[in-house]
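This report refers to the structure that appears directly beneath it.
Just so it is clear, A, B, C and D label the chains in written order, and each chain counts residues from 1 on its own.
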Amino acid sequence: MFHPLFHLRTHSRYRHWSIGLLAIWLSGCSEHPISFLDPQGPIAAAQRHQLGVIIGLTSIVVLPVLILTPWLIVRYRYGSRSTYRPHWGFSKLADIVIWGIPCLVVVALAVVAWRGTLALDPYRPLSGSEDVKPLRVQVVGFDWKWLFIYPDQGIATVNELVVPVHRPLALKLTSASVMQGFFIPALGSQIDVMNRMVTQLHLEADNQGEFPGKNMQYNGKGFHHQHFVARVVDDSAFQNFVTRTRESGMTLGPRVFDRLMAQNTGRALVQSLEAPGADNATHEGDRRLRFGHLPANLFDDIVEHATPDWSSIKSGGTRNDASSSPEARP
Amino acid sequence: MTHWADWMLGRLDWSALPFWDAIVDPTTKNIVNAIIASGAGAMVILGGLIVVGVLTWTRRWRWLWREWLTSPDHKKIGIMFIAIALVMLARAVIEAVFMRLQQAFGLDGGFLTADHFGQLFTTHGTIMVFFMAMPFLTGIINYVMPLQIGARDLSFPVMNSISLGLTAAGAAIVMVSLMLAPFSTGGWSGYPSFTESAANPGAGVDYWIWAVTLSTLSSTLTGINFAVTIYKQRAPGMSWLRLPLFTWTALCTSILMIFGMPPLTVATALLALDRYLDFHFFTADLGGNMMNYINLFWAFGHPEVYILILPAFGIFSEIFSTFSGKKLYGYGALVIATLAIAVLSFTVWLHHFFTMGQSAHINAIFGIATMLIGIPTGVKIYDWMLTMFRGRIRFSVPMIYAIGFIMLFVIGGLTGIILAVPSVDYQIHNSLFLVAHFHNMLIPGLLFGMLGGTNLWFSKAFGFRLEERWGRRAACCWIVGFMLAFFPLYALGVLGMPRRSVAFFEPAYLPWTVAAMVGAVIILVAMLCLLIQLWVSVRDRHANRVPGGDPWDGRSLEWSVSSPPPEYNFPVIPEVHSRDAYMRQKETGGGAHPRPDDYEDIEMPANSAMGPIFAITGFLLAFGLTWYQWWLVVAAGVAALIALIARGYVRDTTRLIPAAEVRRQHEAWLATLASLTPVTRADEQSAANRGLPASPIEGAVQ
Amino acid sequence: MSHRQLSDEEAREKAQELRSYCWGFGLAAVLTLIPFGLAAFTQIATATLYWVIGVCGVIQIVVHFRFFLHITLARNKREDLQLILFTVLILTIMVGGTLWILFNLYYRMMPSMIP
Amino acid sequence: MSSTPIRHPGLNLGHAHAEAHEASESLVFGFWVFMMSDLIIFGLLFATYVTMLGGTAGGPGPGELFELKSAFIETSLLLVSSFTFGMASLALKYRTDRKVLVGWLVVTLLLGLAFLGHELYDFHKMFTEGGVPSRSGFLSAFFALVPLHGLHVTAASIWLIALLGQIAVHGLDTQTKTGLMRLAILWHFLDVVWIGIFSLVYLGGTA
């Protein structure tokens, strides 16, 4: 079966080196890929490709204006000797051209937009290779930090999304506060997260590295602090991360949950918890937290505004899905 | 005593003062912000005191009341609308400069607090849309449209005055929020649940709701007024296909106002019910959901975009045709394109929230509908280019704005198409790319149109031309400043910088934010140039007088009367025989200014205090609602109702101007005309231009 | 103003208009009684009932416009009719769009909101 | 600009008043435009109501709160008042006795007030059964839509009283007549909106 997304990917590399150059120039002083112009996954790459196609098609209409207008005002300026026909106001040929060409361009654009939109629907699951199941992650937007729950691994993190490379991601997202926008530019689409609602997003990373993620929807005075890092690692490093977090991560109990629900930045949250589980490995580590124990169905309870089932932490409920976990692979 | 004060003041207390935070918590940042905020408040108070002082000193209160505030004359109301727009423009541009400065220093810091920054982008957006753009275009349509269709006034002159009053009240509410802070931080679109009382219990959002509501009511009434006027008051012979293009766009804009404003009324009213009476439309709990607000807001918001842009299109059509000395190319196509844009604009609102999670099919359909608007818009651009083709282009100030517009607007069109593709929008939604895009549409599109229109019609309103040199400097600064301020934002947008961030942590953004700051400063210089232009023009008004009324060799009827026109516009209602009615009059034998055989008494609307009454009661109502001063709400509401009912009992609503008086004024003007020397277009920008063009146009073929 | 003698033509016209109001009232009354009666006294299938309610409602709106508000196809009523039809178009777009968008959003994000 | 005779109900301004004709034509057309703008507000509130039907949040729903009988009484009151206003329009147009006109207007006003009274009683009953707007999104939507119609009826009634006062003070001059014509449009229009309300909200809710 012909997969439109795949189709978009194959051509992007060759045709749009110019955009690639632009990307390097634009983000020259950046340490990590911060934009889809320097894509790190198939979705972002397809979006960059589409951007190029759209600019190309639209230029058919736009460029003549930019080129001809200066020519017109020089040639027909007052005092020039060019033809002057004050009563001329209609030409069938010109009308056919100026209606026809934009119409054709819009038809072409419409085809591009239709196919691209259906192919890049955030809800559409990505089928990686046959034997790799997508990694499920549940994302909760708080004021002003992000909580990532790995339901199959029974762990959770704040402001740090660790994922294995080349493995599709299936994200379910909600907000515990007002509307926010979840976005990792280098990997792909943004999607809104809203209280009591669950949105979905599917991403995949082609390269390892650290990619900034952020909130795009203003939600108060801590808004600009609400960024996180998406760390793409190889399989063994991911496994290592899961194991370490399970063993040495904090417990997400009622006290921590209250602090999460309060309006504070990641840094303030960590400080208020004096967290032993905080990962201090990086310079931004004082904003991140890892949890090895958390209540079962925490995400659903947040969506439903229900009190999390704190008793499930001790009863081993954190790993309720461990038996069916795709982490069985070594 | 305390109880009494509580009852009087509602929830208004000391903490509303703009420097309160600095007193309670005197950190450096708070003190800096308090100085900026209090400075702004002081400027407003000082400005108000100066105006009051000058009026008192020159004993002009009675004059102000009689000649302006209670006047039902569409020309004066138009001028007052534009005055509001210019004052608010100045404030919003200064706010923009502060925001750009903040972001230039915003790498992990800056000097503004997050709350202050939030208020800045909210007031900037709210003012620019509701209290700059809307009054500006309303003012210009008010002034020009009745003159273009050969009418004496709008259909409902007193309602026009009420519209002005409501807009003024809304603008005053936004201004008062500088002194009794804070304003909302929810952005000009005010999305819940951020703006619900659970997240934002203060007075800020309420200020925003009532200011916007006043503006909405005003615009709805204005829309009805304009549409009915164009339907019913056209001069004999002014058939639909003879209407000047500006009037066509005015008609489409007013239709959009009539049908586009109600969704906003509903959205803000439901939000107010949530906030005041504990309803649950957009709350997170008890069955509410905020998605409907976003849906309703943009069902207004998208037609609104075309409310803003269409009149500017009309003005540019007039400018291109007038300053190319040529008939407009493709009149029919331009009319059809305008109508198509108006109708299509109701079908695209979802493209403002592609990322909310609806199905890909819905996204794609609305995306394609959005692109369809590109077709008529593109046709218009090419029609204007073909209007210049084989013309004689004169670079007077309006034409400079128009050329800047046509070149920059297509770039905005390009980025608009990019945003209209949902899958790409997922990358740039809510980023600075979006901010750059809509500024690219609204600054060259709307603002250049309004400023060009002001330069074009100023002489009609005041009898002397605006000074050219400073005008040209202003136009060039606007164009350069715009490019420098907003093209970097495109780059920042594709680099993923969210809009509305007070600070950022990505060093790659810094060069771009600094460049944008420089652009903003150039725009500030452009504002100064405008001010100097106005000053110099008033100073040299005698040198630049155009008593002939037709300084640009105009084509439509507004140029056929004196500058400024008599209060009844036309001594005798003209009969129209073709498109470009006045041009034809000049070209054919009958003479540009035929002497009428006889004059008739003219019935004009009498002055009415309804406008000021509604301005005051509207303001007090909104103020009382914002601060929970219920006694004020009741009192102002009852006063407005009584005024409305009492107005129904007034029978003395017209004033008669005797035929002899009309004859005297018109004969005097004809005598002035006879004393003027006609000038060719070569002398258009010189002091020799007294508003009487030489005919025929030189060097024409065919 | 006192009582005034109507000319024959005026009297005819008046009688005709009176008949028109009566017709309108009668039709509206019937169109109200049908859905109310069906809802109150019968047990017909809900889907059918919704259809009946909808159709009667729409017809009754037309009846009101025709007999009470005097909107007809006559030439001097064209502007009013055009205005109403344009409003219907805009209403269809806005109301239809709102329902389409919101129920789609509910379906994908908030199934509990679908009644 | 049309020279065709004006046929709005109730308008009969006499021969010598061509300009008054024109002015009132603008007035009536303008009022129509206003009504259509208002209709968009109602349309969107209807749409909002439908989208909030699922938002009962465990509170009482339409089946528990609405009564067919009172909806029918309200509908009848409003329909009859529309008819009586029509009679008033006829009396105005054909210049029958002013007493007849005033009589029909007073009957219409009383019917309108009766409608309002009944509606308020209904709301009161809903309140006692826990049907308050702060209970759920669904009830919020109901209490935005239906009372807004009631508010319109209230405004129309106040206007009617004001016009009765104008008749008393100024007699039936042009301004009073055009006022009555516009009020007639508003009154019939409110009945049209009510058709939507009783069909969608009451019949749809209880069916």
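Throughout what follows, contacts are C-beta pairs under 8 Å (C-beta built on N, C-alpha and C of every residue); 3 or more make two chains touch, one makes a residue touch a chain.
The shown structure was predicted, so the numbers you read here are calculated from the model rather than taken from an experiment.
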**OP:** Find me the chain with the mean Cα position closest to the mean of all the protein Cα atoms on display.
**Re:** B
Subject >> Geometric centre distance via CA averages, chain B-chain A, whole Å >> reply: 37
Original post:
If you average the CA atoms of chain B and of chain C, how many Å lie between those two points?
Top reply: 38
Subject >> Inter-chain centre distance, chain A versus chain C - centres from mean C-alpha coordinates, in Å >> reply: 49
Subject >> Centre-of-Cα separation between chain D and chain A, whole angstrom >> reply: 51
Original post:
Could you say which residues in chain B touch two or more other chains, in rising order?
Top reply: 231, 259, 263, 285, 287, 289, 291-292, 296, 299, 356-357, 359
Original post:
Which parts of chain C, given as residue numbers and ranges, touch two or more other chains?
Top reply: 79, 87, 90, 94, 98, 102, 108-110, 113
**OP:** Return the residues of chain A touching two or more other chains; collapse runs of consecutive numbers into ranges.
**Re:** 123, 194, 196-197, 199-200
Original post:
Every pair of chains that touch: which are they?
Top reply: A-B, A-C, B-C, B-D, C-D
Subject >> List of chain D residues in touch with chain B within their complex >> reply: 1, 19, 22, 25-27, 29-30, 33-34, 36-38, 40-41, 44-45, 48, 51-52, 54-57, 59, 133-138, 140-141, 143-144, 158, 162-163, 165-166, 169-170, 173, 175, 179
Original post:
For chain C, which residues count as touching chain B in their complex?
Top reply: 79, 86-87, 90, 93-94, 97-98, 100-102, 104-105, 108-110, 113
Original post:
Which bits of chain B are touching chain A when the two form their complex?
Top reply: 113-115, 118, 185-187, 191-194, 199, 284-285, 289-291, 324-333, 353, 355-357, 359-361, 363-364, 367-368, 371-372, 374-375, 378-379, 381-383, 385-386, 388-395, 403, 406-407, 410-411, 413-414, 417-418, 420-424, 426-427, 429-431, 491, 494-496, 498-508, 681-682, 697, 699-702
**OP:** Note which residues of chain C are touching chain D in the complex, please.
**Re:** 1-4, 6, 10, 14, 17-18, 21, 24-25, 28-29, 32, 35-36, 39-40, 46, 49-50, 53-54, 56-57, 60-61, 64-65, 68-70, 74-77, 79-80, 83-84, 87, 90-91, 94-95, 98-99, 102-103, 106, 112-115
Original post:
Residues of chain D touching chain C in their complex?
Top reply: 2, 4-9, 29, 32-33, 36, 39-40, 43-44, 46-48, 50-51, 53-55, 68, 71-72, 75-76, 79, 82-83, 86-87, 90, 93-98, 171-172, 185, 188-189, 191-192, 195-196, 198-200, 203-204, 206-207
